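These notes concern the structure reproduced below.
Per-chain residue numbering starts at 1, and chain names A, B, C, D, E, F, G and H are given in the order in which the chains are listed.
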């Protein structure tokens, strides 16, 4: 039996959910509307749910013409249908540093929710007004996983990392100018953070951070797998 | 009551274990032997255990003169004393791509063990001989968290990410030459991985990867915190 | 006798086919329609065939008005007329990692075919779902030359390089975002590949990869030249 | 009358004190002992004080053989003799993020003192343990100028900038590894800080930060110059 | 009592003026018109004045529809209402190297004026015609703070720094081409200036330079704060 | 049956010769003497021949103590024993631009010979004295594969590529200074070559170029594989 | 008497011709039409000639409405009026590597002519077809100054530099893609050229190269200045 | 007749003097003592003079053992014997910004003298003390060619370029630290200089600047070649 369905331009990985717990998600950028719709259709028929990321409003409208039940969020540029059947216990907290980081934060929040997480959003809590962040110190300490989104200099994950014992997944954004280099600066900041327990995903990759957060929440809810005997 | 102990050159964060679950670890690079020994002494007296990373053999010998019970691993450049009282259920798997990546892989493995994780090591399983990796496909699928260490082009996490539903923490190493730029190339490779569920830490930062892995294992073993009511 | 024909803005290298086995190909980017048509005309008249790469649809339509027998492929951005008289024995395999890499893969495939190669296409076989690639393991082992096209982190050539004893020519693409830097990341990945036998061409340069593949196929079909006596 | 004294290899700017308020300081790196001693001698004879920065212990010992009254600080790599006659009212606060940043912080502190400033040092107050910094919130609010020194991700100036209405001069240090790039990362972090009122100097340039701090303190103590009539 | 007002998408820092002497300023880039208008309204009501930077003419017109008393400068891309009640004694001098640097210079000049500074403008005084700059040597020597704006190679601050004892805040601009890299070259030039007393802000950040200049002018006019007792 | 032999620190790929035509080669950099000797021993016993690249003279002497029949070339930093049983018909030509590029050129030449190629060396034929290169124009036209090694600006492959119809594999070297960036400049030069049919390997990677050259020569000598039926 | 005329937004350097031999030229990029026209008018009235570089066709048409005698070249983006009264003896040769480099080559050629040089143009003589270049070997050897314009890998100046004893001024262009980085690659190539006697100007800076060529031709025609006595 | 003499490791270009006016010069870096001595010997015998650049004192002593009449300058790292028979009329002026730039300035000065130029040295005239430079304004205006050497921010050529009508050749040096990047910053500064008539050579390439200066002086002294008839 084959593990994928071959559309010629795409080999749909129909066993990914059984193999990894979550179905394939469509990366919308650089694909034609016909390609997206084709893959969306196959994923829906296999899993009863499907999601597309990085999809602009023009293409989204065309795809939705064929899938009237799909929902589209223009800020997060996510189109999806269906979703997780149940919610994991525990909470994923999504923080962002500035108002301009909202689209990326929402990409993370919507993805995490679609994958079955409860999400707590706290936005515009950048470190230059530290009291805004400290007002949520208690919530930060009680979150299971924290997704911390920041553009400009990207300092927020370092401070959050020191306020929690839970894993922090940092997301640099392309919000800034000049020596910010479309997000390279906060990316480097986060990679060199003096706070232990911070890992990093690509610039503007709210989706990726949410994906790993959901993996962790699934693990926490289902327990560690029974490991193979150590040879 | 103060949250830190002030040594002048250092403010030891003595409440970090109660705040985040794990005590402060000493970053050895750029500190004098006297500074390291001073902080090591304070951490030992507060927590009954202490660890120093990035410590060369010369300095290590000097520090050990004062702490004869400490253990030193020259490959991983870690000096430590004491450790976690119990082991978390579940397994952290540490994979590395080539023989030359061993020191970083061992930094990760020893740190994870010191923090209470069970560790499964599989080394030299780089993607250019894919059968070496696929021989462990079953083990990969059953690990709770995977730390994937790779120099050269850093492709290993992308393949591993497709074989597991558990979180993958990727560690680029400085092993390589030319267009490898002391680890920048595998760092970029890992950040742009087409596999979802991969997050990344700094070049050669086996410690950081292990730290987040231990945070996840603690969460899995202790369960999600009881979240604050959502305002 | 002159080795080139001088159009003022261009010196057409009319002896290249006799010197190197293949005629000059027009690099369309940055040239005006009049310049392209002028050179196309001269090449056609000398060789009975001509090809233009990197040509957008607008310009292509204008050029085709003058050359109604020319064919244009909008995805690959190639316009050509005529082609090789015979096909080389053996097979060039063109693989690409994702659906979005198709245009570059097609630039390679069409160029190779125009130059006389038989081409086998296998698309969307990226390493994050390794079973998709392994499904073609037998074909990979029997190809004469492999052109491996990949954006994102560009890991595919490293895996393919370990599955074949034939030369692999890797083509990074500009498909990606953030720390991908318009193709710089897969370029670096491919240059530092741990698989021996992988060489690399410029970002999005499907043409260049196909050109070298055709050179190899010609050599295989015509045999090694009779070398000069070694002084 | 000439504004400089010509030593051939150096033109000593003997009027700089009268023109700018402070005498020339010798940048020790890349100069021979003979050159340093020669310039030091001329500055001493003109101003009754002299300072050399970036001077290693070996060269320092040689220079001090000729100037027995000079003082040398090996951490800060500063050699000086004499100093300001009076202290400015108000306070320059020097903060640093980690123990390893001390040499640069001391370069700043000693320079500022030599130029006539009162200096308050608070070291190892990095943002990953934010309570260490907040313990000095009151002092921060009352400093006239703040020099904030940080390696690793360089986030400290952004937090400090939000706690004060006084100018913050940020100094990135070369303390870090991997994606830190010998200080480039904290440099970029500081340049893109979301806190207004932060300006930046070169990596490890504690001297430059102190110099501008002293200029500000002089201005505060002497009052704004009587401006020329606006044409 | 809370230190900020929560608009959901933004937490307005209403205590910043009492904490730092100046109210929050809105960074217009990446915010929607509704968000800008919402924050502008809250700032106006708290402080009686408000300012937005990096605001294009299209958005500005929409915001002004709701705030008819606001003023907009299209060159500097600043929209503001109200301003400082009094002018500080002393003078901020704004110099720029070329005609093309005017927009950034005006961003600095207008910001400084809005914050209460007297501003002297001297534009197009780049170093390749040094006599243009030297014609203002006397004015330069008498300014309290100098903001020096330059694109191209950014050499102007080095020369100005040698003509004054007052602090120089350098602003690189994105005016240039080729190896200028959108302002990176003058940024690096200014960071490595051989003139002491020069600090630097981000590319095109006229606002940031003016903000620090105003902080210094406030300090000069109000005197150094009464420092805490040194523990 | 397993495809590799597990030494713990290394999984020796003992089937690579049957799978790809050539046995595994040991990358010496970053491995201990014990590791190198261990792998060398296993490869020798499986294939009757073995090779180590990037091996300094100190380590080489230690390894040779255990393998007295091994040969070591200090310039090329290659240690090997045994070699190909027969020579391929046709010729690999190795050209280098300057005298300082010799070590890399020799790494390529010796590797190609060990793998069964006939090699023609032409060194110090850089383009600034074009007559030196043109003196070998005839030989260039008759070579089967050309390995072109160049540091400095790396222009040689572009000229050679225009003189031959055979594949050119370009090797940038780290010979140069300043804006050469340890080989990055010739690497970029070669990637952007205006000559079609040029592919590139990593900086100083003479081994990799020779490996692909030998793959091509094997293909030319053995003929194209019988391809699978095209589905 | 003043050395410049102050227009507020610009200080026109009216003495430059007497000081340096050639009048100021207007850099059109980033200036408004009104500013350009204002400066053009002043230069015309002082020198009887004026030139604007980097001027797009839209702005050019507006400027020409006020200066009907001005000439505009859309390829070179130069607008000028008047010119040198006499031609220097000797010849400036302008070579370019490819058809796409013509606009930059023409910027150089027109500037040199406007400044009084005789210009010989040889275009599309890139090194991948070396015979095209060698056809002009005799002309190259007899030119007084050579301006060599090249995009892609920028190898042409290295070859030309070896064919002449006259100074070569190299101009990299932004023609290329991928690892060409908008001209950075040929810039680096030219800076690291193995041919002595090659100097380099900024990417696409045909104007700058021509300016220096004209300075040299003036020197050759007028003879070396009578130097000051050596002190 | 051959145009070069083949030493195997080197093809000595014995016709370069007749072709370009000056003999080949040996680039010492990366060559063995035996290679250098061998080439030196051949050049001496052909031209009666020879020069080696970038030669450290250890190797120099070994080479001089065989050539007792050779002279060595340790600062400039130049070894030479013989020299130009006559001096060109006119003057090459070598300026440098700081004392630490002397070795590069001397490399330029000694090379120019060896090639037949008269040289005027003015050192330590950096722009932060502009009066030091302006003291030589008259000399600058009368020099035939100016070589301007500067590390740090590299601003000096921009100012000098505005004071002369003669060509300025700028040489960035590796003197600096932090954001200076071993000379990249002054290199970029010089390439983007707002002064027309400035061309640039590689970092620390005093030799290259002097070589072009000598070419110009030869041209000025010998007059423009009689150009070929323009076809």
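The criterion applied here is as follows: contacts are C-beta pairs under 8 Å (C-beta built on N, C-alpha and C of every residue); 3 or more make two chains touch, one makes a residue touch a chain.
All of these numbers come straight from a predicted model, not from anything done at the bench.
S.K.: Give me the step distance from subunit A to subunit D, shortest route via touching chains only.
M.R.: Tracing touching chains, the least step count from subunit A to subunit D comes to 1.
S.K.: Between B-D, G-H or B-C, which repeats the contact pattern of A-D in over half of its pairs?
M.R.: It is B-C that repeats the A-D interface.
S.K.: Express in whole angstrom the distance between the two chain centres, defined as the mean CA positions of subunit F and subunit G.
M.R.: 44
S.K.: Averaging over Cα atoms per chain, report the distance between subunit A and subunit B in Å.
M.R.: Their C-alpha centroids are separated by 24 Å.
S.K.: In angstrom, rounded to a whole number, how far apart do the mean CA points of subunit C and subunit D lie?
M.R.: About 57 Å separates the centre of subunit C from that of subunit D.
S.K.: Can you work out the whole-Å distance between the CA centroids of subunit A and subunit G?
M.R.: 52
S.K.: Considering subunit H alone, which of its residues make contact with at least two other chains?
M.R.: 98, 129, 162-163, 178-180, 184, 187, 191-192, 196, 202
S.K.: Write out the stretch or stretches of subunit E touching subunit D in their complex.
M.R.: So the residues of subunit E in touch with subunit D come to 19-22, 25, 88-91, 118, 120, 138-139, 141-145, 162-167, 169, 187, 191-192, 196-202, 207-209, 211-212, 215-221, 223-228, 230.
S.K.: Would you pull the subunit G residues touching subunit E in the complex into a rising list?
M.R.: On the subunit G side, the touching residues are 2-4, 8-11, 13, 16, 27, 29-31, 35, 54, 174, 182-184, 187, 202-205.
S.K.: Quick check on the complex: what are the subunit G residues that touch subunit F?
M.R.: It comes out as residues 97-98, 126-130, 134, 152-155, 158-159, 161-163, 176, 178-181, 184-186, 188-196.
S.K.: Taking the touch rule as given, give the residues of subunit B at its contact with subunit F in the complex, in rising order.
M.R.: Residues 98-100, 102, 123-125, 129, 131-132, 135, 175, 177-180.
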